[in-house]
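Order of writing sets the labels: A, B, C, D and E. Residues in every chain begin at 1.
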Amino acid sequence: MEIGIGHYLILSGILFSIGFVGVLRRKNLLMLFFATEIMLNAVNIAFAAIGNYYGDLSGQMFAFFIIAVAASEVAVGLGLLIILYKKYGSLDLDVISTMKG
Amino acid sequence: MYEFVAFYIFAIATTILFLITVMSKNVLYSMTSLAAGMVLISGLFFLLGADFLGVVQLIVYVGAVMALYAFAMMFFDATKDVKEKHGNSALVFLLGGLMALVFVVMFSAPIIGENIQALYPVGLAENLGASGNSQDVGLVLFTKYLVPFEVAAVMLLVAMIAGIILAGKKMDYSLTECEASDEELKQEIKKEEV
Amino acid sequence: MENLVYIALFAPFVGSLFAGLFFARSPKTHLVGVVNSTLIGIAFIAAVTLALHVAEHGAVHVTMMSWISAGDLSIPFGFLVDEVSVTMMLVVTLVSTIVHIYSTGYMDHDRAYNRFFAYLSAFVFSMMILVMSDNFAGLFIGWEGVGVCSWLLIGFWYHKEDRPFEENPSISPSWAANEAFIMNRVADLGMLVGIFLIYWNVGSLQYDVVFKALPHLADGLLVSIAIALFIGAMGKSAQFPLHTWLTDAMEGPTPVSALIHAATMVTAGVFLVIRANPLYSLDAVHEVSMFIASLGAFVAFYAASMALSARDIKRIVALSTLSQLGYMFAAAGLGAYWIALFHLAAHAFFKALLFLGAGNVMHAMDDELDIFKMGGMKKVMMGSYIYMGIASFALAGLPVMAGFYSKDAIIETAFNDGSYIIWAILVITAGMTAFYSFRQVFFTFHGEERYKALGFHPHDMYKYVLVAMAPLAVLAISFGWFMENFHEFITKNLPDYEMSHTTHHWAWLLGSLVIVLAVTGIIIAYKKYAGKGPNAWKRDEEFEQSFIYKLVENQYYVPKFYDEFIVQPYTIASKKFWEIDKAVVDGFVDLIGKMSYKSGDVSRGMQTGSLSAYLNWMGVGALLLIVAAAITALIG
Amino acid sequence: MDHILSILIFFPAIAGILGFVVDKDSAKAYGVSVAAVELLLALGLWASFDITNPGMQFTEFSPIISQFGISYNVGVDGISLFIVIMAALITLLGIVLLREDTKNMKNMIVSLLFLEMTMVGVFLSLDAIIFYLFWELSLVPMLYIVGAWGGPDRVYAAVKFFLYTFAGSLIMLVGLLAMAYLFHLESGVWTFNLLDWYTLKLTSNQQFWLFLAFFAGFAIKVPMFPFHTWLPWAHGQAPTIGSVILAAVLLKMGTYGFVRFSLPILPDASVTFTPFIMALSLIMVIYTAMVAFAQKDMKQVIAYSSVSHMGIIMIGVFAMNAEGLGGSIFLMLSHGIVSGALFMLVGVIYERTGTKIMEEFGGLAAVMPVYATIFGVMLMASVGLPLTIGFVGEFLVLLGFYKVSAVGTILAGTTIIIGSVYMLALFKKSFFGPLKHEKNLGLKDLDKRELTALLPLVAIVVWLGVYPKPILEPIDNSAKALLVQMENHSQLESTKEAIIVSKKEVK
Amino acid sequence: MFIDPKNITMDVLNLTTLMPMLIAIGGGLVILTIDLIKENIHKSLYVMLTILILVIDLGATLGLNFGPNEKGFFDVMLIDGLSILSQILVLVASGLFIPLALTSKRFHEYSYPEFFALFLFMIAGFQFMVSSDNLILIFIGLETASLSLYTLIAMHNRHNSFEASVKYFTMGALAAGFFTMGSAILYGISGSLELYQIAPAIQSRMGEPGMMMFLLGGAGLLLTAFAFKLSLFPFHTWAPDVYEGASAPLAGYMSVVPKVAAFVVSMRIFEMFIELQIEWVQTIIIILAVLTMTLANLMALVQEDVKRMLAYSSISHAGFVMVAIALATEKANTGIFLYYALFMFTNLGAFAMLWVSRHKNRIHHARYDHPYEKFSGMVKIMPMGAVVMGLFMLSLAGVPPFSVFWGKVYLMSATIDAGHIGLAIIMGLNSAIAAYYYLKLIVYMFLREPTAQVTEETTYYNVSKPLLTILGLAVFVTVGSIFYVDPLIEYITEMMRATNFGI
């Protein structure tokens, strides 16, 4: 019952897909952002696992930077959400659809 | 065996928690399960020997990011259940399932190459007499990845500025939609200052 | 001599320009008539001089300049004055001169007097090119040129309204003009094909070169050339089935009919066959020649039959022209080219005279054409009466008259050739000719004075016009007397046609037979139409309802046939094509545009504005890529 | 005279730019003088043209994009010389014919001058890309002219014209680029120089596809059936001057393209495609002539007749013998003159009555005799009467085509019948018969301005009909040279057989 | 290859490679500092300062040594021809678009110096992105630039712009997920994050079972991410909305600079795959390119708003250029830059014209700022403006001799050279479809009568001298392109030869 890299990667893939489903089905922007966080986390697992099995640090590095990016995105994203909420009074995606065609 | 048990516990738990995040109608549940899931992921990192990463995950994600989300949630007064219209849930799950299937199929193949030499092997710091993941990470981060690190700093600065501008007062009054000319605006601003 | 050639050729052209450029917009100017008549007269004198020269020294051949040269083709403006062309020139210029003079009187009251002379002289010019050219392309220039002038002159009174076919079989002058032009063009295509065939197989269009090369060509080719050229001739000479335009062409002023549609242009076809005699006398094309002769005989009879019942004075003359053209073709087809040419000339004289006489009548009757409305006019129009009488005698082929010699010769030829059917037709036709021409004379000049009831006050033409017509009358009587001289002159160039002994033997009998038939025709006509008082002619309503009468009156339904089976289908097809063009061809293009636009409209539907949808699109896209990747990897 | 071709091309453009500054009221005078100078220049070119030399003359060459083998390369031979002169002439006369009260006269003049540049440029370019450049650019002023001064559906017509031709020429562009690539493969050099391309021998398969690509561009421009439907629209809606230039010059670009590109570069494919082109052309000749007959609008009749005549030109181009090719080039000129004049004439009556529907007229000959006369002359030239300009080309083309196909010639020859059918019907409906409307009684005959524009054309129609030699000779020389070049360049025996430079040699 | 910390020398670091980015970042900080010191300084100072910094940056970029293996900072930086070229393009475009801030009317974003600081950070981000073949740095650079860009869009401060920003942001986050996942797979295969090491690793492992799956999967994921950035179908959905929501200068900017940066990275990544003989990538890219240009063109046909139309047209142009990546030849790569260099000026002009006529109220249409009606009869009101806009439209349509034509020809030629004749024809036909909507604007401007709302006042609303200068420059470059295309091709080709494409 050896846990190999495959396990981690499959887990990563599954979590990624869960995040993907979330992105596709969420209509609330805030919760949609959660889903993107899940995706990034899933990738982090993959990076950490691969790095571990190669005994290489680059994977961890990438994961580290992904966390940084995620944090930045949250900052910007929340800023946007706030201003959007102020203007539209809602975070529902269907409301924010004045531009189309 | 220990790894086996730990992995499956973490794996199953995160999967369930993230599923809750994605499926729950309640923002609070959703967010809480997300935070919990992330904590568990840091456990996976520890399992994988990425101690530093695990810590960062805990601090940055669970500490900072989740705090931000929580703050935002309060701002949006989103404690109530969220009503979402799902037009084609089945399709979404089908797509997600398909995606997962492809990943499973893909990752069942061996990905690790036999002949690949690690470029920045774990245990770098051993040569210097020190030990532990943090030092290794530090060593690589501040040599090889110094530039990305600095750029990340800029990125965070950008994010900060962006957050300040977007959420701050500056956006409350739109100059774009104001018909007044520059001169008139100056007068107005001066009046306000006075 | 060169100068004379150019004078003969260009004098009419100068006249046309003179009238057209300087006087086209001015009111009637007598000067134009005088000048143009004089110029044509000069051309005539030049032609006479040339004729004398040719008789003495042989043909004159001049090349003015090159016209088209491209590839190996080189066409010059070259003119050949030999026995054949000089005969034509004489005929053309003489008749033209007289018609010009006649027109100064006839067109006296017309607003467009000057324009008329411009056209008329232009016609003479074109006709001169036609007969004088030394190559087929030059012939074609004249060929088309006379076509256009004919178009202009038929449609001279273009302002007249279209009337339905039942009222006026030729609808209107402009309609008739177009019909003539288009029908001629049909034939011209044949002629063009003939020219192309000649060029690609001989390499030149010069008569001399071509005729020299003819014997070396393949038989089938010769037949094709002969047929193609004859198709051209059929159009100009109004042979069946391209004959309907000629009767309709009577919409033009009568001098035009006299000059163009009797004496000169319509004989161009005959001239072409005569010109191309080296081709048509070849054994290889014997069948074609026989066809020409047969067609000629048929047309002679066919036209004569229609003339029997016609009421329109000009139509009768036109149909007789058609009939006589048939005679000419019969002769030419049988190889008696010089006889054809002789009849051509004789016919030109008496037919022009006949037309001009008819013109006098019309002039007197305020352009009334219906002979049923005339009668007994000899009292008021003695001069015209005499002229028309002479012309009719000539046409009927009574002894001494010109027509007697020429027509008799043709009939003899048919007999001599052993083509007894043709001979029989021609003989019968001769009788019919006498009948209908005198029917017309008697209707017009004898019998009850029907016109009085209708309020006409006829008076004869100006004296000088009548005097001017005299040469024609003289020639109509006497031209036949010079047959031997002509024969001697022309056979230098054209092949002689020798009658066999048998024919010589029977000649007197054949001649008498024709004379008897002609006289019989005249007598019947006199009995029927010349009576006065109780003997006066009455309409036979019953006969007019009979099938034969209807058939003949409606020109054997040929115009109707053309209308229903060519004109109308063409019009309908054109309209349908236009609709197809709009709906299908253009519609298809528009459809592409509309489809693009529509698909743009449809695909913009994916841009719902909802972020959720966008994410779905992106997700689907990503998934498709990955699934495609997986499948590709698994398969290969 | 070293740079006369460049001067010819760019003089109108520079004048056009300067034209922006000219006062509105003197715009027409400015236009006339510029166009007149251009015509004089073109005539000067003719005067110094060496008639005996069938090759390119006055060539100028300077690389522009040497990395990609594009260079400014112009030259003139007997084929292009007269088209250029005609373009200059038609532009001049078209401007002369413009009414003083045309709205936005200045814009009109400027567009026309730019159009003139592009037209002259197309015919003088010897570099494929420069050719393409002028080719495309010519669409723009024309779009504006049709769209701004046209009839009620002008925008639709203008856009259709633009897009249709643009689409075709883009496919042609692909062909040009492919050709350059093939040349590059062969020689290692990038070049779009036509004269270089003439030396390249291509396989039949390559020629086949390249021919199709070129065909797309040229056929739409010609316009060949079934790509012709933009033309009636464009003509129907365009202002007089637009129709005149469109019919007289722009359409010739298509046939010129076939002569300059398809034939010499792709001789084998040209011969292979001959039956196809012939079939289309015959349909074009007969079908569009019939459609023309069904028209009610005088201008549409002439528009469709243009298509029909272009069919004859196409036939001549692909007859592959000196008679046909020379004839079709001559016919391009004569059709330019005649159709230009006819469109001018339609414009004249349209200006007076505000309608082009034939049934509205009738009896015009009595009211406007001079007009009717000139119309009649042009009509006769259009139906190919000997001793008018129309005959020479048509005769030569049919003559040349006879060698290719006798049946085809008879079918094509029906043009002289059905051509006269619709033209005479037009003439009869409009000019003959009684006057339809009282108001037409007061119509004025041609005035000085109109006569100035039309009489030169009448003179040319007669002059070149009687004495075509001055222009037929250089055309013939160049046409023969082109055929010789084709023959030398072809690889298939069947091609060599099909090409007849001089049948004396063949015998 | 581990570098001992002790032995690090300045030579190895090659610090100068960082100069351009540092200048931009430093410039951004300077602007922030100035704002700290004194508030309410007129925007023109910041604009000029930004231009100045960009000029210095450009100078620094041009001063760099470059070559296929010119690396710096532990091989993280890669200064090859591609990098230099794209940096030049980015900087020049930025320098040309930023003066559009100097309008006569006041707009929200330009009133705050943060805009200019973020602008410079964004440029730095792009510069990092293009001058590295390390996936981490590419990712970080990309995110830095993107986050700045999202903010810049939102700073226009209208309903539209927030919506646009949020859409762009959210999809960008998703794309980031795909990018990282793709990178993870590449990392898994090769154990490296540097393309020049990944390539040989892949090559050596190509035959292994299941490897194709990873390769194609990774390529697919990365392609998704870059297809989003390059707005390829079906990942383009953000583009029209973002163009509509963003201010005209920014929209124009987005149609050039981020795309150039994304193209550079795509060239580095996908041409590696293609050169490894993985045909699937080529096929998929061609399919995407064809779909993109065709569908975007079709959708552009039905637009009512010029800016939105231009958005679709930019998508279509991107699809057109994408073909070059599938070809992966030197000529095609040259073509990409030639195309964008030429396209830049035309688009600059077109968007500047929109900006000139930008009105604060939507007087012509309830939703759109630049509906077609706004331009009807423009030739009567501002003839020069109409002529200039007409020229830009013709250029975009690919009418010779205007600038975009040469790019089109060059790319089509490259396509033909690579043997894809059918593709070249599709490209040609697409240009024909595209001509319709460009013509539509010309038709409105030249062939229609002005509506009641269209007056000199409304069309010249936002005009100012700097804007006119920029317009003049754009016209000049667009029209005179025939004269400088040759040296441009030569320079780009030279740069391409000094480029390291991984293998």
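A few points about this structure:
Following the convention adopted for this analysis, contacts are C-beta pairs under 8 Å (C-beta built on N, C-alpha and C of every residue); 3 or more make two chains touch, one makes a residue touch a chain.
Just so you know, these numbers come straight off a predicted model, no measurement behind them.
Taking the definition of touch as given, a chain qualifies here only if it contacts chain C and chain D alike; those chains are E. Chains that touch both chain A and chain D: C, E. Relative to the centroid of every protein C-alpha atom shown, the closest chain centre, again from C-alpha atoms, is found for D. Using the mean of the Cα atoms as each chain's centre, the chain most removed from chain B is C. A centroid comparison over C-alpha atoms places C as the chain most distant from chain A. Computed centre separation for the pair chain A/chain C is 96 angstrom, with centres defined by C-alpha atoms. The geometric centre of chain A is 6 Å away from that of chain B, both derived from CA atoms. With centres set at the average Cα position, the gap from chain C to chain E is 78 Å. Between chain D and chain E the centroid-to-centroid distance comes to 44 Å (mean Cα coordinates, whole Å). Each of the following residues of chain D touches two or more other chains: 163.
With touch defined as above, residues shared between interfaces to two or more other chains in chain C number as follows: 593, 604, 607, 609, 611, 615-616, 619-620, 626, 630, 634.
With touch defined as above, residues shared between interfaces to two or more other chains in chain A number as follows: 9, 12, 16, 19-20, 23-24, 26-27, 29, 32-33, 50-51, 54, 56, 58, 61, 65, 68-69, 72-73, 76, 79-81, 83, 94, 96-101. Pairs of chains that satisfy the touch definition comprise A-B, A-C, A-E, B-C, B-E, C-D, C-E, D-E. Here chain B touches chain E in the complex through residues 102, 105-106, 108-113, 115-121, 124, 139, 143-148, 151-152, 154-155, 157-159, 161-162, 165-166, 170-171, 174-182, 185, 189, going by the rule given at the top. Only residues 63-68, 107, 129, 132-133, 136-137, 139-140, 143-144, 147-148, 154-155, 158-159, 162-163, 166-167, 170-171, 173-174, 177-178, 180-181, 184, 209 of chain D touch chain E when the two sit together in their complex. The touching residues of chain E, counted against chain A in their complex, run 135-136, 139-140, 143, 147, 150-151, 154, 159-160, 162-167, 169-170, 173-174, 176-177, 180-181, 183-184, 187-188, 191-193, 240-241, 244-245, 302-304, 308, 367. On the side of chain E, the complex with chain D involves touching residues 379, 394, 397-401, 405-406, 409-410, 412-413, 416-417, 421, 424-425, 428-429, 431-432, 435-436, 439-440, 442-443, 446-448, 482-483, 485-486, 489-490, 493. Listing the residues of chain B that touch chain A in their complex gives 1, 3-4, 7, 11, 14-15, 18-19, 21-22, 27, 30-31, 34, 37-38, 41, 44-45, 48-50, 52-53, 56-57, 60-61, 64-65, 68-69, 71-73, 75-76, 78, 82, 84-86, 89, 92-93, 95-97, 99-100, 102-104, 106-108, 110-112, 116, 118-124, 133, 136-137, 140-141, 144-145, 148, 152, 155-156, 158-160, 162-167, 171-172.
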